[in-house]
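Please go over the structures that come below.
Paired with chain B in one complex and with chain C in the other, chain A is shared by the two complexes that follow.
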Partner chain A sequence: MSKKDEKEKAIALTGDSEASSPPDGAKKEENGSGGSILLFFIVGFIASLIVGWIVFPKLLYSQKKQPIDFNHALHVETVDEGCQSCHFFRDDGSFSGVPKLTQCTGCHEEAQGEDPEETKLVEEYVAKGREVPWLVYSRQPNCVFFSHAAHVKMAKMECVTCHGPIGESSHARIYEENRITGISRDIWGKNIAGLKRNSWDRMKMDECAECHASEAIKTEVSIETPMLGFFNNIIRLAFPGTEKPGRKNSVQTQHEACFVCHK
Partner chain B sequence: MKMDRRSFLSFVIGGAAGTALSPLPWKVTDDLAIWSQNWSWTPVPEDGEVGYVNTTCSLCPGGCGITVRKVGDRAVKIEGMKGHPVNDGGICILGLAGLQFLYGPSRIASPMRRTGERGENKWQKISWEEAISEVSKKLADLRSKNQSHALACISGYDGGTVPRLFERFLTVYGSANFVRTPAVRDSYELGLYLMQGTQANAGFDVENADYILSFGCGIIEGWGSPVRMFKANSHWKETGVKVTQVEPRLSNTAAKSDQWIPIKPGTEVVLALGLARVIVDESLYRREFIASHTAGFDRFVQNVLKDYPPEQVEKVTGIDKAVVVSLAKTFAAAKKPLAICGRGRGAGSESAGEIMAVYALNALVGNINQKGGVWAIPDPNYIRWPELEMDAQAAAGMQKPRVDGAGSKKYPHIRNLLHRLPEMINSTDASPVQALFVLEANPYYSVSDSAFVRKAWKKIPFIVSFSSFMDETAANADLILPNHVYLERHEDIPGAEGFIKPIIGLAKPVVNPQFDTLHAGDTIIRLAKMMGDPIAKAFPWEDYEACLEETFGDKWEALGEKGYWIDAGFEPSPWNKAFETASKKFEFASDDIGASFQNAVVKAEGEESAYPLLLIPYDSPRISAGRIGNPPFVIKTVADTVIKGKNGFIEVNPKTAIALGLSEGKSAVISTPRGSAKVRIHLFEGIMPGVVAMPTGLGHTAYDSFLAGKGVNINELIGPVEDGSSGLNAAWGIRAKLGKA
Partner chain C sequence: MKNDQAKKYGMVIDLDKCTGCGACMVACMAENNIPFKEDESNKLDSITWMRVYQLTNGKPYPETDICYIPRPCMHCEGDHGHSPCVSVCPATATDYSQKTGIVSQIYTRCFGCRYCMAACPYHARYFNWWDPVWPNGMEKFLNPSVSPRMRGVVEKCSFCFHRHQLAMNKAFVEGRRELEENEYQTSCAQACPSGAIAFGDLNNPKHTVNQLAQPDNAHGGQPKNPEVFRLLEKLGTNPKVYYVSSREWVRRAGDNYLKNENPGKAH
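== the complex of A and B ==
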C-alpha cells in the first residue's frame, strides 16, 4: 500500500476529513471520495451487523415440531411424584431422561380421553410398538458428561434450575435445531449473544462454571475457570512438578483433568 | 455513486468490523467444534438402561454360556456367563467378538433371489412370501417327478430342534440326504460304537486326569469346548499335571506342554499302538479291567500289536525308541492318565484306526468311564415329536440310498460323509442332488478340494442358503433365506464338545432382529405349511417358538430362567453296565475293529518323487475356520507372520528353505496334486524339515473387505483321503512341492 493510500484510509477510518486541511483543489475531489468511502464503511458495517445479529440466527436454526404436542402441565397434575414420575433414576443410579414408550404405555395402553394428540400416541406409537421420536431440548453434544445423580440426588438441585418451568407448559414448543450441530437452540440459549436472565436460559459450559465457581467460594476451595484450567493443565504437562497444592478444577471430585466433564 | 477500489475496501473493512462485533464468528466457531463430534465414523457410546441377557453361544460346538451387556436396545459386550458349568465366566476371542456378527458388514438384510450368474453377486430383494413360495414350487415340482430323494440338506450341526426340523422336513418330503458337516465327533461316535457298543458322544474328564497324552489336539487352540480347555490347561499347570503333546509342529499347545514330541505327520496311530505294545509287553496294563470287562484282548495283542515293536515305531514315526518306551511307562504309571486325539481344534474326522488306538490306550490303563477318563455321554433325548405320517412318495424316497453313502453296506456305522458328495455329483451326468438346502454351513468354502467342489456345485440346479452372512455358499446360491443370527433367536443348543455331563443350552434373543430376516425354524415350518399335506401335517406348530416350548414342556420355564439345563448328577455307567457290544464288554477286537487297525495308517495323497514335501494344515484360535468367517476384530489379531496385507504365509523349516533356495518373506508357489497357490515364506524352527504348514480359515472370497482375499484357502490344496475301513475323510495333509514364484 502506498503512503497516499494509507493516509486516505486513516482519514476514512477516523472520519476526520474536515479536520485535515486540504492544501489545493485536488483535495476537494479526495474529500468527496472520502465521504463515499466512509459511507461504504458504514454500509458494510451496518449490513454485517444486521447479518450477524438478525439474519444469521434465522438461518442457523430450522424449526421442527414435536411428534406429539405434549402437555406437561396436565401430566404433572395427574402424577404423584412430580417430574420424577416419568423422568426417574434407574436402580443403578443412572438417569432415564426422556421416557421410553414403555412408560407411556403404562398409562396409555388405550386412549384415556379424546384428545387427538393422545389418540395419535396410542395409534401411531403404542399400538405399533414404535418409540416416539421426541426432540430433546436439553440434549448436550456427545462430548459432555453430565451426571443427574450428582446434581439432583447429592446437591439436591431442583429440575427447574437448569430446565426451567417446562413442567408448567401445556403445549410442546417449537424445537429449533441448529443446522450445523444438530442440537437444540436451548443449549446456546434463545439470545444469540449468549445473554440470559434466568439460570435455565442457557446450558453451555459457562453455566456449569458459574455455578461451580460460586459453590467453590462457599466451600472455600479455590477453583480455576475452565479456560484457566485448560492452560494450567498444559503448563503442568509441559513443566511437571510445578503444580500448586489445593488447586483443582472440580470442587466435587477434587480432580483436575478435562475428562471430569468432557468425554 | 460509483464504487471504486477504495470504496470496496472500505465496505469490506466495515463488514469485517461489523461481523467482529456480531455473534456470528464466535457462534460459528463454537458450532463447528460441536459439529466435529457428529462425524459418522466417531463412535458414540449408546445411552440408555443397562441390562444383561444370559444366553448360549453357538459359534462353535463348545456350548458356552454367555452374558450379553446391553445399553438400551443395543448389545455392547459379550462376556462369559459366571457359574456356567462349561465355561464359568470365561470366553474365547471369537465369542468376545460375536457382536460383529450381529452388527457387522457381511449380514444379509432380506431374502434375495439371484439375478446374475452364480457368484456374480447380483441380487434382487424379495419378500418372504415370495421366497418361500419359490422354494415350495421347486420342491413340489421335484416331488411330482418322483425325485424327492434328489433334495439334500447340508447342515453345520445336527443336534437341537432346528436341524431336526430340517431333517424332519426332508424325511416327510422323501429324502434321506440330511448331511452334517464333518467333525472329530464322527470318529469318536464310531469308536464308541465299535468298542463299547454305545450310541454316545465322547466326554473327557480333563479336570480330574493327572497325565495328558495328546495326539495333536490343539488343547489351547480350540479343541473340545475351548474355554473349558483353557481353564483345564491352567488347572493342570497349577496342580502339576503333566502334558505330553505329540505333534509335527510346535503349536501353542506344544509350546505350553511339558513335553513336545515331534512326530512324522500321519503316523500318530503307529505311536499309539507302539505305546500299547510296550504297556502290554511290560505288563503295565490294569488287570482288573482287562480281565473282567474286555473282550478280544489276546486277539488285539497277537494280530495288531505284533506289528508295532518300538524299533518299528521309531522307523515309522521318527521318534527314538527309548522315548517311546519311556512315554509308555510314564503314561501307564500315572494314576489317571488320559489319551486324547483329534488334530487341531477337531474340526475334521480322523481315521477309525487312530481313534480306536487311542481308546485302546485308555482302556489298557482302565480309565473308561472313570474319574479322569473317557466317558460315554448319552444324547439328552428330549426331542419327542409326533410320529410322522409318510405318504407313498416319502416312503419311496426314504428307501433310496443316501447320496453320500453313509449308513450303506460299504459305510455301515457312519451317519455323514459330506466329502463324498462332490464325487457322487461329479461322477454322473445328471446330479443326484437337484435341490440343496444349506443350513448354518459354508460347504462351498470348507469342503476340501475346492476346484472339485466348484465343479459339483455347478451341476446342482437349485441351491438355497439359509445363511445370515454373505459367505461363499450364500454368494453362490440361487436363493438366500437369511436366518436371524445367534443373538437374535431362540434355540436349544444341546451338548458341549467333550463335556462330561449331558447339558442343553438355550439361546435367547438378546436384541430384536436387525434386518428383515426370519428364524430358519420358522422358515422351514412356513415352507412345510405352504407345501400342504402330508408335509404340512408333520409340522403342527404355529411357529418355531411354539415348537420349542412344546419340545421342552414343563422344563421350558426353568430353562428360560437359568439359560441351560444340566444333568448335574450324571455319572458314567459302571463297567458291568457300560458296554452294549455283543460280549457286553469293551472290545479290543472284532471284525470291524480289525479292519480299522489294518488300515491304521492313512497315507497322504501324492507321489513323493513329484511332491517331496508334506503340507499340513494348522488351526489357530485367532482364525475361525468353521462355518463362520473371522470377524474384523479377530482377523486384526493374526500375526504378520501368518498374513501380511493380502499375503498368506507358509511355515517352512530353515533347513527345507535353504535346500530350496528360499528365505524369509520371499514369494513362493506351493503345489499339490489338487491345486497350487502363491504364498510367502515364513521360516519356523518349530516345523519339521520336509514338512510345511498353512493355517486354516483364510483365503475367503466372500464376507467383507476385512476378511476376503487374505491368504489362501487350504481346501484349494488338500483333497479328501478316505479311511479304508470307515469311509471317513481322514486326510491330515497332502504331498506338496514348493518353488520360487
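== the complex of A and C ==
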C-alpha cells in the first residue's frame, strides 16, 4: 500500500509543479525526474530489503529433518541422571555431545512403545547396528577447538548458557544448513538483524568473546574485541606501568594465544 | 593455571641415535593432515613440518661421516617471546604463548603474505600453493583434531598442540590442571624407533629434556651440557629444539661458522 501511496504522491507533486510554473520548462523537467528518482529509490530499497531479509536466507539455508524426531522432554522424564545419562564425559576427557548408538541400545534393544519414531530407531538403526546420522545444530567450523571439559568441569558453566533449554523440547527442530559453508544456521543465529535476546541464540566467536573479554577471566583466556582493544591501548599509553600482571600470556595479543580455541 | 609455573615445551634430539629413517616425517604427515601431491620430489612446494636433512663432513673415504638432522619448528622464544616469525606477522596469525612456549599458527587468520617464511632462519614454515587434494576416501581418515589448511596460508609444526588440548581435557575431567610428562608427547617423538627424540617441559627438572639439555634460562636458554647445541645459536633466536651430538664437526655445522670465524666470540 505504501508503495502505491508514494506513487500517487509523486504524481501529485509533478502535476503540482506543472500547474504552478508553466513557463519554466527546464524547471518542470527537473522536478519530474526528481520525483521518479525518489520513486525508483524507494521501490528498489524495499525490493532489496525483501531480497536480503526474506529471499536470500531462504535460498542460503537448506531445510533438513533429523533422521528421528527426538523427544528430549520425554527422555529427561524417564532416565535417572538427567542430561548426564546420555551426555557425559568419557574417561579420555572427550564429551558425549552426540551419544553413540550403544547409548540408545541400552534401553531400546527392542521397542518399548508404539511410537513410530521409536520403531524407526529400532528397525533402521539398532537392528542393523548403524549409527544414527544426527544433524548437529551446534557443530562448529573446522578451525574451532572447543573443550567441554574446560567449560563444564573447570569453569562450572551450565549447559543452558550455550545450548538453551533443549532438554524441554518434545520435537526435533528443522535443521537449517548453510549451503555454502555446510554449517548449521544455529551458529550464525536466526535473527537476520543480528539481534539476540538469549545467550544461546547464536554460537559465533562473538559469543565466546562475550565471556572471554570480561574482567572476570581476563587472566585466563581472553579475547580482546576491537573496541576494548582501543580503550586498553589508550589506557596503556596514558598510564604506562599500570598494566595488570598475569595478562601477558602471549606476545601478539597480550592475552592468551589464539591457539587455545583455534586449531 | 593462574599463577603456576609457566611451561616451556621443547625437544631434545640425539643426532648420534638418529638413523635418518624418516619415521618422524611420516608420523608427522599422518598426524597433522599434511597435504601431499602425487609428485613430492619438488621440494620447493612440498610440505614437511618435520624434515630430515643430511649433513656430511666432506672428508674423503676413511674419515667420511654423515649425520641426519631432523628439523621441526624450533618454536623460538627469541627475546621474551619475540621470535622472528611472530615479530613480523601483520595479521596476528602467529603468536608466542608464554604459558606453553609454543609458537602457534592460526590458519584462518593468516592471509598468506609469507613474511614469516622470510623471517624464519630454519625454513620451518611452508606455504600452501594449492588446496589439499586427498586420494579417494582418505578424507575419512584425516585427524579430526587438526584442521586441514586451505590454499594461500602458511603452516608449520605445532609441537602437536592438539595433543596438549586433548591431554588437558582428560586432566580437567580428572580435576587436574597439570600434565604428566608422558601425557603430552609429539607424534614424531613417539614414532622415533631409536628413541632419538625427547619431548617435554624444559622448565621442569623432572623432565628428560631438561636433564639432557640443561637449559640456562638466565642466558637465553643456552645449554649447559657441552654436547648439546642449537641450530644457528648466534642469531639469538633462542630456539627450543636442542640437538645432542658427541661429534665436534656436527656441533660446529649446527651453527654454521665461516672458516676464519671464532665460534667462542660469536655473540
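What we mean here is this: the second predicted complex is superposed on the first by the 200 of 263 C-alpha atoms of A that agree within 3 Å, B and C clash if a C-alpha of one lies under 4 Å from a C-alpha of the other, contacts with A are read in each partner's own complex, and residues count from 1 in each chain.
The rule we apply is simple: a contact is a pair of C-beta atoms (placed from the backbone, for glycine too) under 8 Å apart; a residue touches a chain by one contact, two chains touch by 3 or more.
Only a predicted model underlies this, so the values are computations on that prediction, with no experimental measurement involved.
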In the superposed arrangement, does A:Arg130 touch chain B (first), chain C (second), both or neither? neither
Where does A:Phe89 make contact in the superposed view: on chain B (first), on chain C (second), on both, or on neither? second
Under the stated touch criterion, which partner chain does A:Thr181 make contact with: chain B (first), chain C (second), both, or neither? first
For A:Met154, decide between first (touching chain B), second (touching chain C), both and neither. second
Given the touch rule stated above, what does A:Ser48 touch, chain B (first), chain C (second), both, or neither? first
Should A:His262 be classified as contacting the first partner (chain B), the second (chain C), both, or neither? second
Looking at the overlay, does A:Phe145 come into contact with chain B only (first), chain C only (second), both, or neither? second
Which chain A residues contact chain B in one complex and chain C in the other? 92, 94, 142-143, 263
Which residues, counting only chain A, touch chain C once they are in their complex? 89, 91-94, 142-143, 145, 147-150, 153-154, 219-220, 246, 248-253, 256-259, 262-263
Per the contact definition, I'd like the list of chain C residues that touch chain A in the complex. 1-3, 80-82, 86, 89, 92, 94-100, 102, 104, 106-109, 145-148, 158, 161-162, 165-173, 175, 177
Given the complex with chain B, which residues does chain A contribute to the contact? 5, 8-9, 12-13, 33, 36-49, 51-53, 56-57, 60, 90, 92, 94, 96-97, 141-143, 178, 180-183, 188, 192-194, 263
Per the touch rule, the chain B residues reaching chain A in their complex are 1, 3-4, 6-19, 21-24, 27-28, 30-32, 34-35, 37-38, 42, 44-45, 47, 49-50
